[in-house]
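First chain A sits with chain B, and in the next complex the same chain sits with chain C.
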Partner chain A sequence: MTATGDLARQKGRSGPSPAVVPVLIFAPCLIVYLVLFVWPQLSLLTTSAFDKGQLSGVHYVRFLGDEYYWELLGRTLLLGVCVTLITLVLGVPVAYVLARMQSRMAALLLILTTFPLLVSAVVRSFGWMVLFFRDGIVSNTLQALGLVDHPLQLMYTLTGVIIALAQVLLPLMVLTLHGVFKSIDPDLEFAAMSLGASPPLALCLVTLRLARSGIVAGSLLVFSLAISAFATPGLVGGARANVMATAIYEQTIEMLDWPFASTLATVLLVFVLALSLLYGAALDRRAKSESVA
Partner chain B sequence: MTFDHISRRQVLTGLAALGTLPLLSSRLSAAESFSGRSLVSSGFGGSTMDIIHKAVFDPFDKATGAKSTQVPMQSAAALARLKSEAGNPQIDMFQFSGGQEDAAKKEGLTQPLTSVAQLNAIPAEMKDPDGHWVTWAVIGEGIVYRKDKIKEPPRSYKDFLKPEYKGHVAFPAITNGYGMDFLVMLARAFGGGEVNIEPGFEAMRKLKGETIFKAASDLPSLFGQGDIWIMPYDTGNAFKVQSSGLPVAFATPEEGSPAVNITAVVAKGAKNADVANAAIDYMLRPEAQIEIARHMRWTASNPNTKLPDDLASEVPNVAQLAKLDRAIINEKRPEWTERWNREIAR
Partner chain C sequence: MTIDPRSPFGLLLTAICIIAFAYLILPILVVVVAPLGDTGYLAFPPKGFTLRWYAAALDDTRYLSGFLTSLQIGGAVALLSTIIGVLAAYGLSRYDFPGRSLIEALFLSPLILPTLVLAVSLSLFFTRTGLLTGTGRLVLAHIIVCTPYVIRVTLPVLRRFDRTLEEAAQNLGASPIQSFFLILLPVIKTGIIAGCVMAFITSFDEVVLALFLASPGEPTLPVIIYSAVQLGFEPTVAAVSGLLVILTCVFMVLYQILGVARQD
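Coming up: the complex of A and B.
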């Protein structure tokens, strides 16, 4: 803001008046957003609400009245929840350690963490396919360790999709959490410990609680990417682990039923929006009640 | 209306006239020199496109002096391209594998083939009655199996249900074109067919526990891991897996091989229509068709093609192809897919 002010002063106030500046700053983004997001969403909605040129709820009735599609939606949400939990459990410790690390290695390790993001999700999914086939490394290792007594096929299963997708999305969780942990003053933990809290208790009571906003942001990011992921479920899941994204593709490309594909997309969007709002509201309420207490 | 009728008759008369002079016209087209001319065709991309180029376009260029290039695009995208450039096509010749030639003709995007002497030899069901498209190769589907696990070559689609193969079968999802054909062929094998699909679903329900895959890219892994012995797929992919060193073979089922037609059309208004016609004529010649069979294991559409014995056993003959009623299949596709998703993949 001061930079803009300085610039305006240097130019002898020949530029636009200060009130216009925010509008100008937002204008390009707003236009792009309207043209590339709001407009397509609206046309998606209209496509799903029309049948043979007439306003109709027939596509929604088809979705809501068919337990197959409820199962599809349920499987998709289950996928999102599982992937989010796995990335949280794996990501929190990594992000915490990386944020607290004093050595020069920290920066290098952070770069290494984000390295998988440089490889396309398609390539990473192909990698998992090699591991997941019945005589792949995963199955062979588990058998050698005596954990399973027969070849384990993770390929073409939802479990396989969850594992592969968790790996694909983990760096995003770590990156989000890392920034938050980094911004929490370690002295707060020391303060809690000096008042008698054991280190794990201090971590839970102080750091994790302060990191809540980051955990929410990371979870929402991973959840929404997981339920809309297409490449990994398509490659690893196959026909038996169908999810909403692959069903939308099937309706659009194979069946050429665009109205129903739009319906699937709209239903998914509504559920994600509702879940995100509920999740955010619940954490918000807890934060408020705690601050009052 | 009248104009259509006349032009159609003219074409037919023209074709008949050509038929009386096959030798002369073939000599003429061979002598034709296209030096300095170019031909742009759509192609299928990847190794398929490279092999076709080596087997067909390179020798054609050598014989005529033309310079041919293939632009990779999937069939649906190729049709879209042809449509968007209607009247002023940048690509002279299009190759389709998904039946797009019919739509292209209906929308007036193609022109009748001229001076394609070999057209006469091609069976009627493999070419347009008005001469707008011709099938220049056929991908035969059938049974792909592990030679080391299954000693006696499978003979029928019924063999997929043999108890000794239980747990060792894989088949493509219905959204993969071969998955749809598998359903129809199972129905035929058990007394049904396109109009009575029930026996197909009934048989496939018995395969519910088997491996279902979506894409051809899974084939090497599936066969490589050792416990998949048998699946319905095509000669071309069987050959690719075989070339990678796996003991895999192709068997033509007694119910016949469902097939995917590879067609060629000349774009309406193409700048190099004469070169394209000559190239199509070249592609239909037995010597070119043998090369395609050798390097792709695709079936020759020209019945005059005599494959060497070693090839003949691995590629179904054009007479062994099962003719599926694509119109019914396309009409029923949404219904069967919905049903398949519920009854088989669930």
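Coming up: the complex of A and C.
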């Protein structure tokens, strides 16, 4: 007891502490991460880069040489772009209105925004499937409005996946942008308007400009989650609207082709890592512009 | 509000907000309401009214055992990742050493890694090493996903914590361990609870790792729902999903009420 007591007593002091205590504090987390995170990730990379025990690019050549996989990648990126655009169009106004609301209503609406995040993506996608069904309400409404002249099939199409996935990711966009708009002083908007700018112009020139890097960061976040989402494309898209994520699942679980599954996963990972580097840069720019202001 | 809500631009903003919230809530409302229909197939809006499907959902032991499996895994994951995560966050907030920011980046990095990529690499890892079997694999996998959330929630709270409070307690004769439990823990409690709840919900709702790693004999509830939905639109599955939504709703209201009570 005295020994551990002594160790612990020194821990509280600001002076040099024996290296043992921090090591003990970090050990559980470090071990878990090294064994279950770093090692598996490295073996994913090596699995994709080896063939019959030899370093080889054969799996990547297979990916790059097959038009099917180019299409797959293109469809995945298209999904990411469309989902990001929808979440921006809806997310920017909602986040702005919530950030400028004074009443208790704002807190309530913020909770309402968070709520879908607590419901499993499987359940939310299921809801969309019911809505998308051949005689579903979406198809009937569009027909009643005269926008389409035949029953619209959204199930098992990329359009359906886009609509469903944008709903799954919209809360994240709103929450990210809410923080950004909250940090922008509304007096700046008043100033612009009192100098003669119309409200929409004031918002574009002042608020959206200041929020620019935050908007970029939110978009990159949604984009990288959209291209790697699995549950929604798997359920709403099925085999007919295949994307990278569902192809990776097929290769792993159904084909048991580990090297190629690893290759596809690595390609996806490269895209996501590149985006998160950009995301970090966008946040840095934001931090810098704030410190200048 | 800087914009007059009655101006055309204000009305446009309001309209977009109404559309956005309808869009957010609609699919969730559907799974709650659709199984109330009396038609035998899922339709929205539902026709007729029956509680038959909800009763069937509660009666089906398959869903119940899935629910219990998810509950157990979520509980284990929440507990373990909270312990690991709070320890790591404590270390990161207290010690300054070369490479600390690197360690912090490592601990938070699973947040940017797609769960799907982690699922592939962990399946590969567990298959090759033969480490653990069954539910243990999924618990470990979820710990990797949930620990970063715990660290991210508790780290700012720990950094804000005024260390002179602890020093004062120790000057008054408290041992470091006493001051940890009597001073530090109560102050950062809210952060720890938030991290723990987040870890639990993440694990409970998670389906990708569960699809790859859950033992076939003991699927979690999201996996059961996922597989059932793929096979067909059974009203019972919708009722199970509906029950989950209602449960989440109750949980969230309770959490808000308790949270508000704590702040007062």
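As a convention for this text, the second predicted complex is superposed on the first by the 232 of 293 C-alpha atoms of A that agree within 3 Å, B and C clash if a C-alpha of one lies under 4 Å from a C-alpha of the other, contacts with A are read in each partner's own complex, and residues count from 1 in each chain.
The rule is short, and it goes like this: contacts are C-beta pairs under 8 Å (C-beta built on N, C-alpha and C of every residue); 3 or more make two chains touch, one makes a residue touch a chain.
The shown structure was predicted, so the numbers you read here are calculated from the model rather than taken from an experiment.
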| item | value |
| --- | --- |
| Chain B versus chain C as contact partner of A:228, first or second or both or neither | second |
| First (chain B), second (chain C), both or neither touched by A:242 | first |
| Contacts of A:186 with chain B and chain C, given as first, second, both or neither | second |
| Partner chain(s) touched by A:74 [first = chain B, second = chain C, both, neither] | neither |
| Which superposed partner A:118 touches (first chain B, second chain C, both, neither) | second |
| Which superposed partner A:136 touches (first chain B, second chain C, both, neither) | both |
| Residue contacts with chain A in the superposition, chain B compared against chain C | C |
| First (chain B), second (chain C), both or neither touched by A:57 | neither |
| Where chain A meets both chain C and chain B, residue numbers | 129-130, 133, 135-136, 234-235, 238 |
| Of chain A, residues touching chain C in the complex | 5, 8-9, 11-12, 17, 22, 25-26, 28-30, 32-33, 36-41, 43-44, 47, 89-91, 93-94, 96-97, 100-102, 109, 111-113, 115-116, 118-131, 133, 135-137, 164, 167, 170-171, 174, 186, 189-190, 193, 198-200, 202-203, 224-225, 228, 230-231, 234-235, 238, 245, 248-249, 252-253, 258, 261-262, 265-266, 268-269, 272-273, 276, 279 |
| Chain A partner contacts - residues on chain B that touch it in the complex | 173-175, 211-215, 218, 221-222, 224-227, 333-334, 337, 341-342, 345-346 |
| For the chain A and chain B complex, residues of the former touching the latter | 68, 129-130, 133-136, 151, 153, 156, 234-235, 238-240, 242, 250, 254-255, 257 |
| Residue ranges of chain C in contact with chain A within the complex | 1-4, 7, 9-10, 13-14, 16-17, 19-21, 23-31, 34, 42-45, 83-85, 87-88, 90-91, 94-95, 97, 103, 106-107, 109-110, 112-125, 128, 140-141, 143-144, 147, 166-167, 170, 175-177, 179, 201, 204-208, 211-212, 222, 225-226, 229-230, 233, 237-238, 241, 244-245, 248-249, 251-252, 256 |
